[in-house]
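One structure is given below, represented as structure tokens, and several questions about it will come after.
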Amino acid sequence: MKFFERLKADAAPQWAGYTRHAFVKQLGDGTLPLECFKHYLVQDYLFLIQFARAYALAVYKSPSLVDMRRSLEGVKAILDVELDLHVELCSQWDMQRSDLENAPEDTPTMAYTRFVLDAGMSGDLLDLQAALAPCILGYAEIGARLKGEGANRGDNPYGRWIEEYSGEQYQDVAQGFADWFDDTANQVLTGHRYPRVLSLFEKACRLESDFWQMGLNAKG
Amino acid sequence: MKFFERLKADAAPQWAGYTRHAFVKQLGDGTLPLECFKHYLVQDYLFLIQFARAYALAVYKSPSLVDMRRSLEGVKAILDVELDLHVELCSQWDMQRSDLENAPEDTPTMAYTRFVLDAGMSGDLLDLQAALAPCILGYAEIGARLKGEGANRGDNPYGRWIEEYSGEQYQDVAQGFADWFDDTANQVLTGHRYPRVLSLFEKACRLESDFWQMGLNAKG
Amino acid sequence: MKFFERLKADAAPQWAGYTRHAFVKQLGDGTLPLECFKHYLVQDYLFLIQFARAYALAVYKSPSLVDMRRSLEGVKAILDVELDLHVELCSQWDMQRSDLENAPEDTPTMAYTRFVLDAGMSGDLLDLQAALAPCILGYAEIGARLKGEGANRGDNPYGRWIEEYSGEQYQDVAQGFADWFDDTANQVLTGHRYPRVLSLFEKACRLESDFWQMGLNAKG
Amino acid sequence: MKFFERLKADAAPQWAGYTRHAFVKQLGDGTLPLECFKHYLVQDYLFLIQFARAYALAVYKSPSLVDMRRSLEGVKAILDVELDLHVELCSQWDMQRSDLENAPEDTPTMAYTRFVLDAGMSGDLLDLQAALAPCILGYAEIGARLKGEGANRGDNPYGRWIEEYSGEQYQDVAQGFADWFDDTANQVLTGHRYPRVLSLFEKACRLESDFWQMGLNAKG
């Protein structure tokens, strides 16, 4: 079993709480209030900036050139591609780049991102990956599931979001991450470490749930 | 004007939101539900462990032996004294050390502590101090104000908490921190940096408010 | 005056000791023993890996997206381009990629690279740049000077090295770094900090000299 | 077998090169030129300051309160005790505290200390301990061996140094460190990691040898 599958099984309640959150359901059936989605999008932009820092930290912490290059792909994906996609997506709803960059960080944004950064800095590459995993792999699972349910139908205002995360490009990125995570676990995981790594994974799932909830709470 | 006073004036809404939070008022007049206080105490124990890490980071980041020794006092204060005081305080309400150590970290606890750690790691000693300051100096201000209002009267179940933070020992620690913060700002602050340092201070105040709110929310 | 020019003037002996080291002279007149150059090349490969980590650290420590992207260019330049150029250059002298990757790090390689990494981690972006600057800007100055002296003439076995560092591409990278360094200094330098930043710059020059000397010492 | 014994056996040449270095022999038979010892002492003072930072980093990186407190002992030992002992020892040879604090760091001092700090920051607690171990445990072995050989006899000008490191207090500190190192290895070591941890240990031994050699080279 892949290491990610093992964590997912052992953190089943947290994983379900995150990937089947009400925000996700409403995104799938198109009932999510637009103001909730917009608040989420803005915070997700700020979130990505911190995640680029986390991947840069992974370059710094990588014990080999192979790991360094794998980490670098994550930094490039965010700074060279994803942030611009976000800006483009936001422009659909009349939000400008400056609206994104000047928005104040909400608490759940700070909570998850700084947790990842500290887990990575204080631990090793495996700890960093365990804290990053729910985001990368959860979005892939959510995107694929919603698409499988036909949620990307034409009249869903959030169809484009679903297309992006269910698309081949993102799914490949997620698969690559899962493989890399697996390789790292095979190299450095011990029985003693497992509960701690699981705890990082669980906390990250919980912090992702809080991030969705922040979106729902944005309803006036 | 001391650097701390300047920040407090420029972050007046955030400072008031934190130091005059409903949790603080109810602590002062003794109406705070016990379950709220107990939840706060447990999380504050977990918070202190991370703050000890933040002070240790300050030792690592100190540019001089003088700064290293000032930082070390913070680590010692927590690991050698404050944690045990917390255990003692908690024993009043039948909570054991193991209850504290095994409690799961709540989101606001992770949010504030990891924010401080990342601010310090990514920036310099001034950034770290700016993120630490609301906690250390805010508790001193709250303690002194509540005592001045007579809130430490005998029938207040939280009188001992007020005594601790209004007491000479804690007030001296806070004064020492304010002086150190001032010295650092005199050495490395520029006009360009000020908005960023202020933003760290404001965010830390906001995260402290969320920490109080977490306590209030614990009411069943 | 650019910040780099100020440091260079104030660290004149260390700068001269580094940029006019005997290794450089012999590289220019083609008298450098091949074994010295080869030892240098291998160690420079290992050095670059650590420098990629240092640029990744700069991404992590960047206070703005603009700074993050400037830092990222440094990581990409090394991991996507320079390491392969090194492998290609080395193949001229029958050294394979595996020879480079498996070589043990010599002390001067560890000394300079870990010094840069620690300066950056414990300080802020300016500290990191001050420790990186002698390498990036010194190589540009050395390359340009040697080329101006005609040292890249056809019979100089080290002509290609000189071409690389005097070439427009590298000179542009160096100019971009100098501008970035200047911007950072304009933002965060104070009079109090200057001696410390100068000390980082001087130490880095000294560690670069030791790096050249390591090359010379490789003569059997 | 203790983890330290395993590393020592696998890094036998590097361990011998360090613990049986000519500097150590001359220290034992009293023939070490005073200027060599004095240069060493000054650099060792600067070295200790960086080692205090490394122990503080260990507090930051500790996964448990137990580990945090063990690390804190190392910071306290240096900042509260050892630095002052050094000042006192140096005063025997008319060197003042200010001579120590203002001395420029020599390359081998920077090389070893920054190597340790980076190993610890980029890795986990085991990596940090592996880089610290040669210093703490090597001095204990050298001190005990020289004392066993009677090198601390009255007419050896370096008898006091030998007394210090062969004394019960230092030997206990070293034993405590070895136990802690062992505990950490039992928790997080994997077969895959071993070569990398061994490499950190070997490099640290090599950097210690260079540190002794720096002392010998100080002879005018």
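A, B, C and D are the chain letters, set down in written order, and residue numbers restart from 1 in every chain.
Definition applied: a contact is a pair of C-beta atoms (placed from the backbone, for glycine too) under 8 Å apart; a residue touches a chain by one contact, two chains touch by 3 or more.
This one's a predicted model, so the numbers in the text were calculated from it and none came from an experiment.
Residue-numbered contact pairs of B-C overlap by over half with those of A-D, the repeat interface among A-C, A-D or A-B.
Of all residue numbers that take part in the contact between chain A and chain D, over half occur on both sides, making this a same-residue interface.
Rotation relating chain A to chain B, from a C-alpha superposition: 180°, rounded in steps of 5. Using the average of C-alpha coordinates as each chain's centre, C ends up farthest from chain B.
Computed from the mean C-alpha positions, the centre of chain C lies at a distance of 30 Å from the centre of chain D. Measuring from the averaged C-alpha position of chain A to that of chain D gives a distance of 43 Å.
We define each chain's centre as the mean of its Cα atoms; on that basis chain B and chain D are separated by 36 Å.
Counting partner chains per residue, chain D has residues 53, 60, 121-122 touching two or more of them. A complete topology is adopted by the chain contact network, contact being made between every pair of chains. Put simply, chain D touches chain B in their complex at residues 49, 52-53, 56-57, 59-60, 62, 65, 68-69, 71-72, 75-76, 79, 83, 101. Chain C contributes residues 60-61, 63, 121-124, 127, 186-190, 192-193, 196 to its touches with chain B in the complex. Only residues 53, 105, 107-108, 110-111, 114-115, 117-118, 121-122, 203, 206-207, 210 of chain B touch chain A when the two sit together in their complex.
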